[in-house]
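Presented below is the structure to which this report refers.
So that you can tell them apart, the chains are marked A, B, C, D, E and F in the order they are listed, and the count of residues begins at 1 in each.
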Amino acid sequence: MRLLLANPNATERVTKACADLARAVALPGTEIEEWTNRAGPALIDSYNADAAAARSLVAALGALTPVPDSVVLAGFGDYGTRAVKETLAVPVIALAEAALAYAVAVCDRFAIVTTSARMIAYTEDLVERLGFAPRCRAVRAVELPPIAAGEPPADEIVPTIAEVATATGADLVILGGSRLSPYAAALRGSISLTVVEPVACAVTLAESLVRIGVRRRRA
Amino acid sequence: MRLLLANPNATERVTKACADLARAVALPGTEIEEWTNRAGPALIDSYNADAAAARSLVAALGALTPVPDSVVLAGFGDYGTRAVKETLAVPVIALAEAALAYAVAVCDRFAIVTTSARMIAYTEDLVERLGFAPRCRAVRAVELPPIAAGEPPADEIVPTIAEVATATGADLVILGGSRLSPYAAALRGSISLTVVEPVACAVTLAESLVRIGVRRRRA
Amino acid sequence: MRLLLANPNATERVTKACADLARAVALPGTEIEEWTNRAGPALIDSYNADAAAARSLVAALGALTPVPDSVVLAGFGDYGTRAVKETLAVPVIALAEAALAYAVAVCDRFAIVTTSARMIAYTEDLVERLGFAPRCRAVRAVELPPIAAGEPPADEIVPTIAEVATATGADLVILGGSRLSPYAAALRGSISLTVVEPVACAVTLAESLVRIGVRRRRA
Amino acid sequence: MRLLLANPNATERVTKACADLARAVALPGTEIEEWTNRAGPALIDSYNADAAAARSLVAALGALTPVPDSVVLAGFGDYGTRAVKETLAVPVIALAEAALAYAVAVCDRFAIVTTSARMIAYTEDLVERLGFAPRCRAVRAVELPPIAAGEPPADEIVPTIAEVATATGADLVILGGSRLSPYAAALRGSISLTVVEPVACAVTLAESLVRIGVRRRRA
Amino acid sequence: MRLLLANPNATERVTKACADLARAVALPGTEIEEWTNRAGPALIDSYNADAAAARSLVAALGALTPVPDSVVLAGFGDYGTRAVKETLAVPVIALAEAALAYAVAVCDRFAIVTTSARMIAYTEDLVERLGFAPRCRAVRAVELPPIAAGEPPADEIVPTIAEVATATGADLVILGGSRLSPYAAALRGSISLTVVEPVACAVTLAESLVRIGVRRRRA
Amino acid sequence: MRLLLANPNATERVTKACADLARAVALPGTEIEEWTNRAGPALIDSYNADAAAARSLVAALGALTPVPDSVVLAGFGDYGTRAVKETLAVPVIALAEAALAYAVAVCDRFAIVTTSARMIAYTEDLVERLGFAPRCRAVRAVELPPIAAGEPPADEIVPTIAEVATATGADLVILGGSRLSPYAAALRGSISLTVVEPVACAVTLAESLVRIGVRRRRA
């Protein structure tokens, strides 16, 4: 099956990193195609960036020929998610919905670590809207450098994520931002909480919906 | 991977039917093992039956050697679900949690069709507890014959399911009971709503959690 | 004060009609400026249209020089609302938030009439997200002709709105769509419910925030 | 238009202070009439005081001749609010409903500072009931001296309010008590959060409802 | 123990009827004292009547010497309930809180029958505020004659209550108004639902709190 | 009346201690019969233990001849509670539902102290499901020794409970575990909060339902 990994932001480096994570979990028969929202913002870390990303994302994904078998929207937020779902009959999965559904299946209480303090309220609202607030212990932030500065080495950022997550008292942590996803493997080695990396969740959820033949019907 | 399909009720016929559905969607490398809760009730259609099922279910699943790679609990309810999750570190997935998570990913509003009028309140409470009540248009029931009477032919029951589901105004229907799952294919042919069959959802969700290496950590 | 009435859709006729409603209630010192999102969709009646509207809306409003004293977003939905709020420090008010706040101040239970059946779930979700679900009796739809066909005469559509709203049992009805706003006056004459026309609510709320000097601070 | 500023407590000094705030924001054509609930308690800072205030408040406001064009209830609580609304067809606005609606229009997360520790649970319940709990970061208290002791100078109380509000992590603070309202101007100068003063919100909301002709219909 | 049955309305006939119901269930050692809120309204069937009842109710109950061992507020609503609770350290129980707690202990879904159509929204709000909305199937009304007209004979009103309650699909019905309480016995004979009569619930709950020595501590 | 105090765990010492508490509050005419779920786990402090307890609990209670007039389930959790309710028409009361209903009748905010850190999420979920989350200030834990080690002396554990409960800021504390119930009397002497001991609540609630003749009807 053809699964399009669509990065809603314009940074190819992030697309590449997410696609690597996607390929590492995808089924043998799944071809991961990469797509970067070059007309979008370099990073999606605000409502403003959501709006800047949505139109070209929806338009491009709605115009794909042939239509892929499923789409993963590789951002942890809401940047036109339901619009893409509405446009395509094939399964469209965003990181947050997959990560939250997977998390509650294996935890008592989850925490989310996001990428900047100002995304805390944003992320709490997202969790509330998806119905998972009673299971959320806390949303916390680490501060990543600006996107143009590149990604910090794991040994710099992972201890901070580990510390922040452990302090919440949750038994599971979700990495709430596509820039954090590549640190999942290193984090697993340094923390006693279950670590949920959303790209892997979304890819496998999209594959599953294709395999079982569930598609959207227009209301 | 070894996936145990555990039927919380004692009726082998239901186990068999669910295992067939499981095998039809499972990955080539997934071996579906069947397990029937012979010490449980013939059918789980009440809180009482939940209680009658839970102990032997949890005890048997907790004592499996070797431990399977994941477990699907093939009942649409709550018959010791969190106890099995607590007992095993491997992914344990119940039908309802998987079906609801898959449903909201591809619908605006879902309906659930359950197997008897007295399961309506039960099922509404389940949806509320899992956080999906705002997306639920209605829970409705068809009446199946007693379990000992066997399963009605599709052309008898499917039109009723179709009618009941369509009348809700939802764009997706979940078959809320393992006895209803085998009718999914026939129902798809006679209804314009998306049809969600929970066994397929749970099997693929369990496989996914194994593939991405997410396991429960004890709090 | 300068209040920008920003129509998120591309149809000047709608902008014009809303601006007329705005001017009819605005304070003497309020200058209503019109802006139409010409790069947006002709009509916003889907998540897809939300996404198509948001980017140019946010970009244009964020680039205004000089910045107006406040902005009214003249669509009954969520087409980048929080992004515009985030971009500008001046008050930015969308129709739904104003109409709902005004409604609950003067009613026991409100109903919303929207412009097509497929906007019912969308509108229910909006009400839930804004916190007003317990006061909402029902969301109902009338069917307007396609935007290109123009607006139906009042004596054709108003009786339908009246009938649909009255049947809900609510004591107040909100016109949930900018195309419906111009019918408010005629509807008031033919219904015993309180009629809330959202453009008037949003304009006066925006003026009020300016008058009392409340502006957004960045977190 | 004639707007009655009705102080539910019996302290003329508070009425006066609130009326000053009201006049400072009212429209040129709005005549602010003052009314003090002399048969009420000196201060409303408990459920008991709510009950002591309500009857004479409702009776007096229901008997006004001529009926004013709108009424602002100048207390931050629930001292017969819905009864006054039920009694009069003209808009009746209480401080909390206006302040909360205005706050969420311009903030991510609000905090409320109230006037004594025992009003914290009271105020949380009020926020919950009005539907705004998910946007509330915290309710905190400063301790004012007894009402008979007069009001503390701004340079004594404002730094405490500022400190308490800032510590919540909210981006907006609501002054949750009519005795706190007069400190709004001083507070704005010493805090980076948006400051919402409820009397100004309620007065402008009441004026707006009158201007747009929205009145209550009896169910 | 001395239990004060306090009727928040001014109609002695209602007090008498409720006191009879109270005595029929009270413990041998419980002395039921009657108190009628003569300074209150003849009937409490609106927010306005709540406000009219509260002050004298709270003042009188707060001034009782000696203080009774517990108080039952014999109205199905919120007419200063929390104020009386705040005033007295002894247990104070209102009809609705007792009836709802008792109902959910023995039902799947309850319905409430109230005494006039305009009390439906009021009662729904009460149920929501007390946390029982997910278990409530419906609030419905019968129409009683004006209080001055006396009470209708059972064979006139009971069939209507039975019909209205049965149609909801609930398995339990709460009589949501003190004027309805005397019909409980007759209703039990003509309906298959469990019938909950709130005076009996509140009296026994108040007695229980006294017996186990639980009193309010001031915060 | 005959009230069966059913201990869902297998430890006679706990049954005995709860029966003593029950007898201390029961009415003269109430005969407290003890029953220990010998086929259950020694202690119920996990979902697993819930499942281990439920079947024999439900089976034994459903087979009682003659049926007692009511049943109190003496565990603070959900170990087949609704199943026992469904099985018997007589009132069946679990500790948590009674304690929470009694608590909110006399407090502003309650706290729960439970018996181990891992029961915190469990107990929060229970409170949420029963509808009382908005009134809950916090769930906290003390750590009791293993059940086999016996119960610690009051002067060892009571100061810890007192400290933990007081730090929450609640005005009432519920002892959330049957092993904690016997410390209620000592705790009352050393804390300014109201102390709610659940066995006493459940016994009196069960008695009350019997006295007023409210029984479950099958749906």
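The working rule: a contact is a pair of C-beta atoms (placed from the backbone, for glycine too) under 8 Å apart; a residue touches a chain by one contact, two chains touch by 3 or more.
For clarity, every value in this text was computed on a predicted model and none was experimentally measured.
A.B. asks: Going only through chains that touch each other, how many steps at minimum separate subunit B from subunit D?
C.D. replies: Between subunit B and subunit D, the shortest chain-hopping route counts 2.
A.B. asks: In terms of CA centroid distance, which chain is the most far removed from subunit D?
C.D. replies: Of all chains, B has its centre farthest from that of subunit D.
A.B. asks: Would you mind checking which chain's C-alpha centre is most distant from the centre of subunit C?
C.D. replies: With centres defined by C-alpha atoms, farthest from subunit C sits F.
A.B. asks: In whole angstrom, how far does the Cα centroid of subunit C sit from the Cα centroid of subunit E?
C.D. replies: The separation of the two C-alpha centroids amounts to 42 Å.
A.B. asks: If you average the CA atoms of subunit A and of subunit E, how many Å lie between those two points?
C.D. replies: Averaging C-alpha atoms per chain gives centres 52 Å apart.
A.B. asks: How far is the middle of subunit A from the middle of subunit C, if each middle is the mean of its Cα atoms, in Å?
C.D. replies: So the centroids are 32 Å from each other.
A.B. asks: Among the residues of subunit E, which are close enough to touch at least two other chains?
C.D. replies: 85, 108-109, 121, 133-134, 218-219
A.B. asks: Once the touch criterion is applied, which pairs of chains come out as touching?
C.D. replies: A-B, A-C, A-D, A-F, B-C, B-E, B-F, C-D, C-E, D-E, D-F, E-F
A.B. asks: Would you pull the subunit A residues touching subunit C in the complex into a rising list?
C.D. replies: 46-48, 50-59, 62, 80, 82-87, 117-118, 121, 129, 218-219
A.B. asks: Taking the complex as given, what residues does subunit E use to touch subunit C?
C.D. replies: Residues 121-122, 124-125, 128, 133.
A.B. asks: Hey, which residues of subunit A end up touching subunit F in the complex?
C.D. replies: 108-109, 134
A.B. asks: Along subunit C, where are the residues that touch subunit D in the complex?
C.D. replies: Against subunit D, subunit C makes touches at 25, 27, 85, 91-93, 97-98, 101-102, 104-109, 130-135, 171-172, 192-197, 200-201, 204-205, 207-209, 211-212, 214-219.
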